[in-house]
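Take a look at the following structure, please.
Chain naming follows the written order as A, B and C, and within any one chain the residues start at number 1.
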Amino acid sequence: MADTVVKTADPKMAELRKFMAEQKKTQYNDEASLIAILHKAQELYGYLSVEAMDEVAVTMKIPTAHIWGVATFYHYFCLTPKGKYVISVCLGTACYVKGADEIMSKIKDELKIKVGETTPDKLFTLQEARCLGACGIAPVMMINDKIYGTLTPKKVTEILNNYRKQG
Amino acid sequence: MDKKMITIYIDDKPYQVAAGQTVMQAADKVGFRIPRLCYHPKLSIEGACRVCIVELEGARNFIASCAYPVADGMKIRTNTPELRSARRDIVELILDNHPMDCHTCERDSNCELQRLAYSMGIRKRHFEGEMKHYEKDVSGVAVIRDPNKCILCGRCVRMCSEIQKTSVLGYAHRGFKTVVMPAYNMPFRDSSCTACGQCINVCPTAAFLEKDYTQELFKKLNDKSILKVAQCAPSVRAAIGEAFNIEPGRTMEKQLAAAIRRLGFDYVFDTQFSADLTIMEEANEFLERLQGKGKLPMITSCSSAWMKCLEQYHPDLIDHISTCKSPMSMQSAMVKTYFADKIKRDPKEILSVAFMCCTAKKYEAARPELEVNGMRATDLVITTRELAWMIKSAGIDFLAIKGEEFDHPLGLSSGAGTIFGTTGGVMEAAIRTAYELATGETLLDIEIGAVRGLQGIKEGKVVMDGKEIRVAVAHGLGNAAELLDIARKDPNRYHFIEIMGCPGGCVGGGGQPYANSNSIPLDEECLMKRAEALYTLDRNKTIRRSHENPDIQRLYKEFLGRPGSPASHKLLHTHYKQHFPVGIIPESLKQQKPAEPANK
Amino acid sequence: MPVSKYVITLCDGPSCMQKRSKQVKDVIKVELEKAGLADKVRVITSGCLGMCAKGLIMIVNPGYVIYGNVTEKDIPEIVEKHLLKKKPVARLLIEEDHLYNRFYRVFGDVNFFGKQMRIALRNCGIMDPENVDEYLALRGYEALAKVLTSMKPAEVAAEVKKAGLRGRGGAGFPTGLKWEFTAREKDPVKYLICNADEGDPGAFMDRSMIEGDPHTVIEGMIIGAYAIGAKEGFVYIRAEYPLAVKRLEKALADAKREGFLGDNILGSGFSFDIEIRLGAGAFVCGEETALIHSIEGSRGMPRPRPPFPAQSGLFGKPTVINNVETWANIPVIILDGADWFSSIGTEKSKGTKVFALAGKIKNTGLVEVPMGTTLRQIIYDIGGGIPNDKKFKAVQTGGPSGGCLPEKYLDTQIDYDSLAAAGSIMGSGGMIVIDEDSCMVNMAKFFLQFTQDESCGKCTPCREGTKRMLEILTRITEGKGVDGDIEKLERLGNMIKKSSLCGLGQSAPNPVLSTIKNFRVEYEEHIAAKKCRAGVCEGLVTYEINAKCVGCGACKRVCPTAAIAGSPKTVHVIDQAKCIKCGMCFKTCKFSAITKK
């Protein structure tokens, strides 16, 4: 793991390095830009890989244990690759009152995965979301950037089947 | 700081205290000892455990006395029924998520949590529920980690990042699932842990421990086919008494020799002997470097945690490191060659055991480059703590035992060898010998005050042969990093640097006895007393310079020739190389991309 | 630019987006083109207008005509009748009494009419948030100009203090006082932070404000920076709000271009810049010291106070932190004066408060009411009451840090102190209405689950204590509660409240303690009688088949434990010993023949 300091030709890594170089110029100190850098890394790779975190450690001179601590603290950061479709089920209060847990268990049944997991075919990742701010059409879920509202367990099956068809 | 005196009220009684301190500090000075857990005077204020809460009149909630500043007229209560109940419940909550295996725990009767629970009067559990369950990490050769015992006080994390500045440990995940671990939850073996063992020292429970080799040793001590040879580091004698409830600062040198012999060792040698040997080699190397054969400043290499730290974080300085092995490894090399020859015994039949104040020596003993003639030089390393336990376990009456001497030919030492155990000691010992080697005159004023004491970085100078020699000393890896930065910026500032990985040097080693109920881990006063014990031993010796040790002289005459000879290079010197850590990676390392893959 | 005769505002909040707001916008453009109105009608989109239940929402100005449930098919009719013949399409009109309708009619001479009053949300929905010119037309940056040209920094803070504005993020600390504390510090470097890390489940005020009117927040921040002498500010916003981030970025760039932000603002010599910082999904970062750690690039864990951020905050420098709504109030206070502002509200709580009204209520969405409005007025007059003739049970305010208030508190006035006295808190403004179908024990469990999950893990009471409370609650809802559990919850709850390190922990037990206080009998029923009156706690429910059963056998087929017996066309029976209470039969039955008790 530690030996990956050798530069690779990975264009994503090049972009990450470029981003870090910019941050180094503008930020108060190197550590202050850590969360922004991790956002960038996740945006590029879809998740935070050990390689990316090592690279951040080396470039920004931040202890790896610290980066690991930050990466595991914030729920937004993902440490394993995600599926093609990321399903976020809103568990905000309004949705909860309107039966979000039923929606959640339906999805779990359908995909046979738990929250935070990805289906073996790498199609779906299931996660919980804190209030998506669409309380008016509760219960809601978001698949990638698209919001589905006034859900029922039956609707969930239809929606998932549509995605399955698209593959 | 503000020296103004103010009045605070504790449990309705007024006290005059200095402004500018915390409630806990003020209360400590007027005879209270508010219960506490995550607080440590050498570390930053965490305010996390909430055990030290007190009631402050006018405040809605309880305040953490470790963090809250005193103010004139403030009214504090430390024992109201509500507060007592809350404090008790907090400690119970910690216990409820902690294994209930006190009787079989390594820290039984020596555990801060146990003592705290007792003082809270927790007789019943009200809130038991799910407990954490994690894999124990026993991959390291020196330090093992048991997250199940961790109560998340964070002292180890702060020790690792604030004092040692290695930042190997950190918090990962959050909430109930928070765990202290190295990056990526990697095994200790693969992490950048330097094995200094300071996490063990500050841990209130058994979440960190040294890797235990006592059972293996007991087994081997009963094997008649092997010759059992021991060596004992200077600082062990200065601290082991504390494990038997003796006040810090009383040396147990002769009792130690007797007790180790009773454990079943055939020969009991003294690591101080090879401390003298180290000085012979190191002083010689230093003088050679002074004459242009090698880089200056020269940096000492006796501390194994420091060596791992150097290879990972300061590889740019490898050429500055003395090639001398540590006294332990020199001693073991001599045991398996010189001594084996002398008694005409096959070195393969010799078990070489080192009793050390250090956890990192376990790591050092396993380094392949320290092998002698294809054999591991030091077979087992046992810490002071483990040794104390072995003595108790074997039924030896340590306090009543009549003192005995160490054995010849590797047991006689000078006072210079003794003071190796404290920060500045190696430097002082080296100067005593180097001065004479360089000038041909005897250094008369041999107690070098400038390098003594617990200041993080110490500087001193001696004039040798008309030339001013500037030296510096650092203890603790954080101070070391700071000193090295000074040296990097000003390469001609020093000629000779001594670095010890642990706070206070070996007397504060990661393998020393746990703090007892009246003290705190790494208490400065305690470290000072241990150091003073070594200085007293030195003062009471007639031979105080390494080169005056007759057994050393004989060793050179009979076996090694002279310091720096081919024989001593083969047996007493080693080499270091860059390792790639997963941890802090300094600027210096980034520029030098590895020519070969890191050594794992 | 040709003068537009009409302005059409389309809502593109998440709910309306789902109702095809984008497609509708395209159709409108096509239809306008056809009708030759393309240069006479401007179409803008806005952030959530707060009428989610009736989306897609479209407003036509002038006239403040609000249409609801708009689809692509309705557009030709609206263009034809309304825009050409000036006759609103009656069938799409949202009824006359609707709060927003009323609001728009009084806007312009802000006054006490109606139950709502918009200060923080004053521009939301009536201007294009991506167009700085529209903000300028609505007196935008006038307050800033006034401050820079005619007021000393100390006067600004004094004015805010005089207005009586208290922090809208939850704790209600007087804003002006906070500024004065920070301004007083000697350190020449000071920072200013806008806390937009809105994490309460069921709250989306901040998001709507930034999406709908980012400039007001920015202007408020610049004024604050002038008052305390800060040169740099940060907006800490949830990464989950991409639209808000985008609009904020645009607004910052526009403000900079226009000279309201950056070096030498409006030629005054005063310089200030704002940077956006994305959160990463940690509720605890709403706590100010945790937020500071997060901006500094660390785990968002709080630290003990004092020192307060006003003395030592971001990077160890004096720092002011206020939330979005607080900042949005600043420009109005400066423009219309502290006396005017403090004439609104109650004695100790001045101005208005925005709430996100949700749950079992007819009109969900954002409401802004003067302090002192009663809960009843919000729930019944503005929110329209409970749908489906269900009975009101409780209203939860303050999110996971707040409490549940039963009917007897409905006439409580909305202000910091009255809500606290009733056993809840104002919080950042979540307001969830709960009807008889909800179980209060389960509700408490839901909130505790949230805080437990969001606990940073630093201090013992919150990390370990909330876990134990949750375990006790869980066993109560599963029918395994034992005598003494309520007392244990109270004991732990009170201890956690008084001993935790930060506001999250100190308020985490509130939902539990307040439900025990107000609905103790429900807890007792769960424990002693093993009964959940709302029929929510699955472990406590019994399913029985009633006389409506036609004997179709559907339930028998889905039952996983073969607990249902009966011959075709006869009333079936559930064997309670075999029943695992999965509820499959209940969901399957088409004849309402299964009762849940």
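Before moving on, here are some points about what is shown:
Just so we're on the same page, a contact is a pair of C-beta atoms (placed from the backbone, for glycine too) under 8 Å apart; a residue touches a chain by one contact, two chains touch by 3 or more.
Model, not experiment: these values are computed from the prediction.
Comparing mean CA positions across the assembly, the chain most remote from chain B is C.
Nearest to the common centre of all protein CA atoms is the CA centroid of chain A. With A-B and B-C as the two chain pairs, more C-beta contacts join B-C. For this pair, chain A with chain C, the centres built from the Cα atoms lie 24 Å apart. One inter-chain figure worth recording: chain A and chain B are separated by 43 Å, centre to centre, where each centre is the mean of the chain's CA atoms. If each chain is reduced to the centroid of its CA atoms, chain B and chain C end up 54 Å from each other.
For chain B, the set of residues touching two or more other chains reads 171, 173-174. In chain C, the positions touching at least two other chains are 282, 299, 456. Touching two or more other chains at once are residues 62, 66, 69, 73 of chain A.
Against chain C, the residues of chain B that register as touching in their complex are 45-51, 53, 60-62, 64, 67-69, 82, 85-86, 89-90, 93-94, 96-97, 126-127, 129-130, 152, 171, 173-178. Residue ranges on chain B touching chain A, taken from their complex, read 161, 167-174, 181-186, 190, 192, 580-587, 590, 593-594, 597-598. Of all residues in chain A, only 1-3, 5-6, 50, 53-54, 57-59, 61-69, 72-73 touch chain B in the complex they form. Note for the complex: chain C touches chain B at residues 282, 299, 303-304, 306, 452-461, 463-465, 467-468, 471, 488, 491-492, 495, 497-501, 506. Contact residues on chain A toward chain C in their complex (touch as defined above): 28-29, 31-36, 38-39, 62, 66, 69-70, 73-77, 91-94, 96-97, 129-138, 140, 145, 147-149.
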